[in-house]
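Both of the next two complexes hold subunit A, though its partner changes from subunit B to subunit C.
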Partner chain A sequence: MTQAATTTARDFGRVLAQRERRFAAALLAPAFLALMATTTFPLFFLIWTSAFRMDLAMPFTNGFVGFENYSVLLADERFWTSLVVSLVYTVSTVVLQVVIGLALALLVMDMKRGQGLFRLIAILPVVLSPAVVGMIWRTFMLAPEFGIVDFLAINAGLGSKNWLGDPLLAMISVIVIHTWQWTPFAFMVLLASLASLPEDIYEAARLDRATAWQRFRRITLPLLRPAIVMVIIMRTMVALTAFAAIFTVTGGGPGTATEILNLYAYRKSFTELSIGYGSALAVALLIVTILISAILFAMRRAK
Partner chain B sequence: MSGRGQVQFRDIVKMHGDFAALKDVSFEIKPGEFFALLGPSGSGKSTTLRILAGLDAPTSGRVFIDGKDVTSTDARDRDIAMVFQSYALYPHMTVAENISFPLEMANMPKAEISAAVKDAARKVRIDHLLDRKPGQLSGGQQQRCALARAIVRKARLFLLDEPLSNLDAKLRLETRAELKKLQRSLDVTAVYVTHDQEEAMTLADRMAVFMAGEIQQVGTPAEVFARPNSIEIAGFIGNPPMNLVPARYSNGDVIIAGHRFKTIMQASGERDVVAGIRPGALRVAPSGLSARVELVEDLGDTAVLDLDCAGTLIRVRVSDENVPREGDTISITARAQDIHLFDPTTGKRL
Partner chain C sequence: MTGKRLRVFALLAISLVFLLAWAFPVLWSVLNSLKTDRDALAYPPKLIFTPTWEAYHDVLFGSASILPNLVSSMVISVGTTVVTMLMAIPAAYALARLRFRGKKFAGFYVLATQMLPPVGIIIPYFLVLRNIGWIDTYQGIILIYLSFSLPFAIWLLVSYFEDIPFEMEEAAYLDGASRLRTLWRIIIPQVRGGIAVTVVFVFLNAWNEFLFAVVLSGNTVRPVTVAMFNFVSVEQTLWAKLAAVSVLAMLPVVVLGVVAQKHIVKGLTVGAVKGGGRR
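The block that comes next holds the complex of A and B.
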């Protein structure tokens, strides 16, 4: 009698658990399908496409080519150049964002008043669309004679410069623009983790006779390390796949001076209409991004 | 090392907006002394310690260490070590790194540092934990680590802000005894903040009793216990606290709940007073103030009785032998020198 009762109770429990699982699956399904349709499927389609010759300008040559696109890619000087541009762009923007963001956060932490206002102003560039930021910089800031930057350069006696026409200046410009827009993000994250550091250990360090610099080197920096590494990881991934701001400011030019890998893939696919080769470039970017992220995550775990 | 670590506070005031955390505090600490700052929570003890350490600046007044005015000297340059109530260990460093930090900042050679760290760790018995991070230590071990970090550098002043308050009762008693031995062996001036009168009584050579931002009495624990300056101190020091009952003084006697007690006061005349008698100073006797036993708290070796003396509550500590039972009527007496008289309006001792 009791035996039977417990058995049914257990069965009942199992049925209930099963029903609950089915219900959960039903709830998840739409989101899961949408995710598959918008990320996983395009990804596989991209890889599939990269195995074809698909040239809209010369459709008669189209067909399956296997790894041919990749062997072409490895011998393509413009690919290697764009990869270098990507790395220079990524490293310099990320380093600048972390250094400036940290400096600002340290400054603002010491501000007695006006912190709220500063944060509000600081967040503005982040909420703008990168395309809009690109337009603002191209027209208001960098336009010869009329742009604010050029105006300042003229007044400083440097003379009018062709900010976006000179290869080096164009590269510097797109780096500055990206840094300008995204430093506030690093600033906000680092400020938040600075604010969470206990105050008493700084007092202890003062009594232990550490100078301000020693307190920064020995206490602040190690304690901020997780936040800094996180910012580096997040910003690196974004910088590697940056697009809109460069596209609107220089379009990758002059020539290929600011053509990061992402932009090269775009130009190949949609300007030169070589969709198969463009896909191979995009896959190469994906691999580079994954490799770098893996290295960064490994560094994060180390120690 | 004597002659080092003399402290003088002169007319120190600390304001937080309109609120006076310290109102005109002056005191002096002699070299080599174990000095306690005792007082209830919020009475300004930590504020005093932080001003002494140089972590906060006083609103007015001057601080002298070894005869030198250090009021505007930065904490870094005062040569003071401190154990924080929160311990304030560096969370990313191991115990060894925590302890060696003050030595590294003083540019001590590496070889000497590791010897000094081991020595300090051994003194507080954490030499087996040197490789752990503070997060992997128990509260008592963290406290010892903070202690080791403070003693490793031979600072001229050693400050402790309620170092035992986060420990459990048993550990607190053990550590208390060790602290005293440590201070003796180091021969260093120590300033010890506590709200626990028992800690101050057992540890301190002298103590300052704080009440609401003011020092009400400075003296040895025995002095303060024997002659509390005010009703507040009388009620704060001693466990259970002193009985404080409204009474009438009349020509050398004091009348409590209708019974006349002899006092050591000689003054003639009559006036209202507050009479204070320690629970341990009252005796059960054949004749005296008669009282009904309301409650018996048996503490093992002694018992505390709550007595109802014609409506006034009086507590008595009696030793084991013949403890009355609840409901009994007994009578109690006290010696003249054990009766303290206070002014009911000013609260000061008469």
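The block that comes next holds the complex of A and C.
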């Protein structure tokens, strides 16, 4: 009697679980089919096309070449340059965002009034399209004489500079533009996690007469670490695949001075129309992205 | 005492500099959009001038009107938002509330899809869409926008679904309601706020997208972020008009950003706690 009852209960439970699985599958199917079609399928197709010579301007040379694109890539000086530009761009923008964002968050945290104004203004850059941001900076901010930055440089006695025409200045300019747009992101995230830190630890530290620096170094920084690492991870991913804010400002130029790997893959594929080689560059970018994120995630786990 | 006052003053000055630095490029575009071309080109730059709607009138109703591009941007963004939400709400509910095998892997897969660089998606997609004649069409652009809007929307919605107490669903089952009915009648109304926030962010990301748009757009479908290039050329930049176009392109997202102000940190960091992120 009791055994029969438990059997039916178990059967009933199994039926319920099976129904739940089916329901879950039905709910997930549309989104997962779309995701496979728009991300997984392109990934395999990309790897496939990277094994071809696929020149849209000269279709008669097209054909399977195996790993040739990759051996060309390893000997391609422009590839290595773009990789270096990518790393310089990524590391400098991420470091600047975190340092400035953290400093400002600490400063604003202590403010009695005006926090709301900061939060409001900080939203402006992050909601804008990087394409529009790039366009505004290229013209109203950096254009020789007319742009405000150049106007200030002239009045500061530095003279008019070719901000986007000189290789070094162009690199600095695109780094500043990216930092301008995304520091508010780091600022807002770090301010939010600062606000959630427990008050009583600071009280205890104050009673122990810890200096402001000691409090920052021994309490705030360790407690903020997860948030800081998260900001670093997110911003690194974005900086590696930055596109619009460089494309609209310098187009990768002058020459290849600001051509990050992402932009090189684009230019190779859609300006020079070598889709096969462009695919190989995109695969290289994917590998770099995976390597860097593996390092960053290891950093997150480490204490 | 004076030392402390000096410090306060210095900190105030620093904060003002940063506020100004963030607001200035936007404010300066707004100011320039209200100038005549002659005032916009004046050197030194003019802060005091007679404002005019001329530039707006020209870019909206002149010969090279960007009105069709604004419409394009709107259709793409609304279309992407609708399709994304229809797929993401059920998927997020399943990931947040239901028990099934492979759930962990499914969640990981959604995060991992964001690792693929956009340029790695657009190269193969360009070839496919060219073959089926979908370049310069709304369906082509909206389809490819799902690659970034779906993972984002799913994870943001999961975080809202997880906040609802389980008891609500159980009570509904005990009353004999079907699962679909429970989802529609009980759960969805609970996360209305979360859905609204997700809609804002998906729209915003679609409106701002550039790389896919620049490859896939043509004469029929060209969003405003791509079309604004026409106002800058080597020979001549149409300063006031460019400013007006920039302001028009910024307007919807700035309004949405201010409206969703309280949720912006959550929207920006979604998925990050569990894994990667994008934009």
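Keep in mind that, in the parts below, the second predicted complex is superposed on the first by the 291 of 303 C-alpha atoms of A that agree within 3 Å, B and C clash if a C-alpha of one lies under 4 Å from a C-alpha of the other, contacts with A are read in each partner's own complex, and residues count from 1 in each chain.
Note that a contact is a pair of C-beta atoms (placed from the backbone, for glycine too) under 8 Å apart; a residue touches a chain by one contact, two chains touch by 3 or more.
Keep in mind that this is a model prediction, so the values were computed, not measured.
Visitor: Record, for the superposition on subunit A, whether partners subunit B and subunit C clash or fit.
Guide: Verdict on subunit A: subunit B and subunit C fit.
Visitor: Output check: A:Pro42 vs subunit B and subunit C. Expected answer is one of first, second, both, neither. What do you get?
Guide: Only subunit C is touched by A:Pro42; subunit B is not.
Visitor: Spot which of subunit B and subunit C makes contact with more residues of subunit A, would you?
Guide: Comparing touch counts on subunit A for subunit B and subunit C gives C.
Visitor: Hey, in the superposed model, what angle do you get at subunit A between subunit B and subunit C, Cα centres, nearest 10 degrees?
Guide: Given the fit on chain A C-alpha atoms, the answer is 90 degrees.
Visitor: Who does A:Ile201 touch here: subunit B (first), subunit C (second), both, or neither?
Guide: first
Visitor: Let me test your reading of the model: by the given contact rule, A:Ala131 touches which partner, first (subunit B), second (subunit C), both or neither?
Guide: second
Visitor: In the superposed arrangement, which partner chain does A:Ala210 touch: subunit B (first), subunit C (second), both, or neither?
Guide: After superposition on chain A, A:Ala210 lies in contact with subunit B alone.
Visitor: Would you check which partner chain A:Met234 touches, where first means subunit B only, second means subunit C only, and both and neither mean what they say?
Guide: Only subunit C; A:Met234 stays clear of subunit B.
Visitor: For A:Arg218, using the defined touch cut-off, is the partner it touches subunit B, subunit C, both, or neither? Pick first, second, both or neither.
Guide: In the superposition, A:Arg218 contacts subunit B only.
Visitor: Can you work out, in whole Å, how close the C-alpha atoms of subunit B and subunit C get once everything is superposed?
Guide: Closest C-alpha pair between subunit B and subunit C: 12 Å.
Visitor: Which subunit A residues contact subunit B in one complex and subunit C in the other?
Guide: none
Visitor: With touch defined as at the start, can you tell me which subunit A residues reach subunit C in the complex?
Guide: 17, 19-21, 23-28, 30-32, 34-35, 37-43, 45-46, 49, 104, 107-108, 111, 114, 117-133, 135-141, 143, 145-146, 148, 151, 180, 184-185, 188-189, 192, 230, 233-234, 237-238, 240-241, 243-244, 247-248, 262, 265-266, 269-270, 275, 278-279, 282-283, 285-286, 289-290, 293
Visitor: Can you tell me which positions in subunit C touch subunit A when the two form their complex?
Guide: Subunit C reaches subunit A through residues 11, 14-15, 18-19, 21-26, 28-29, 32, 41, 43-45, 86-88, 90-91, 93-95, 98-101, 103, 106, 109-110, 113-121, 123-128, 143-144, 146-147, 150-151, 154, 179-180, 204, 207-211, 214-215, 225-226, 228-229, 232, 237, 239, 242-243, 246, 249-250, 253-254, 256-258, 261, 264-265, 268-269, 272-273, 276-279.
Visitor: Sort out for me which residues of subunit B touch subunit A in the complex.
Guide: It is residues 53-55, 74-77, 80-82, 84, 86, 88-92, 101-102, 105-106, 149, 153 of subunit B that touch subunit A.
Visitor: Spell out the residues on subunit A that touch subunit B in their complex, using ranges where they run on.
Guide: Per the touch definition, subunit A meets subunit B at residues 198, 200-201, 203-211, 214, 218-219, 222-223.
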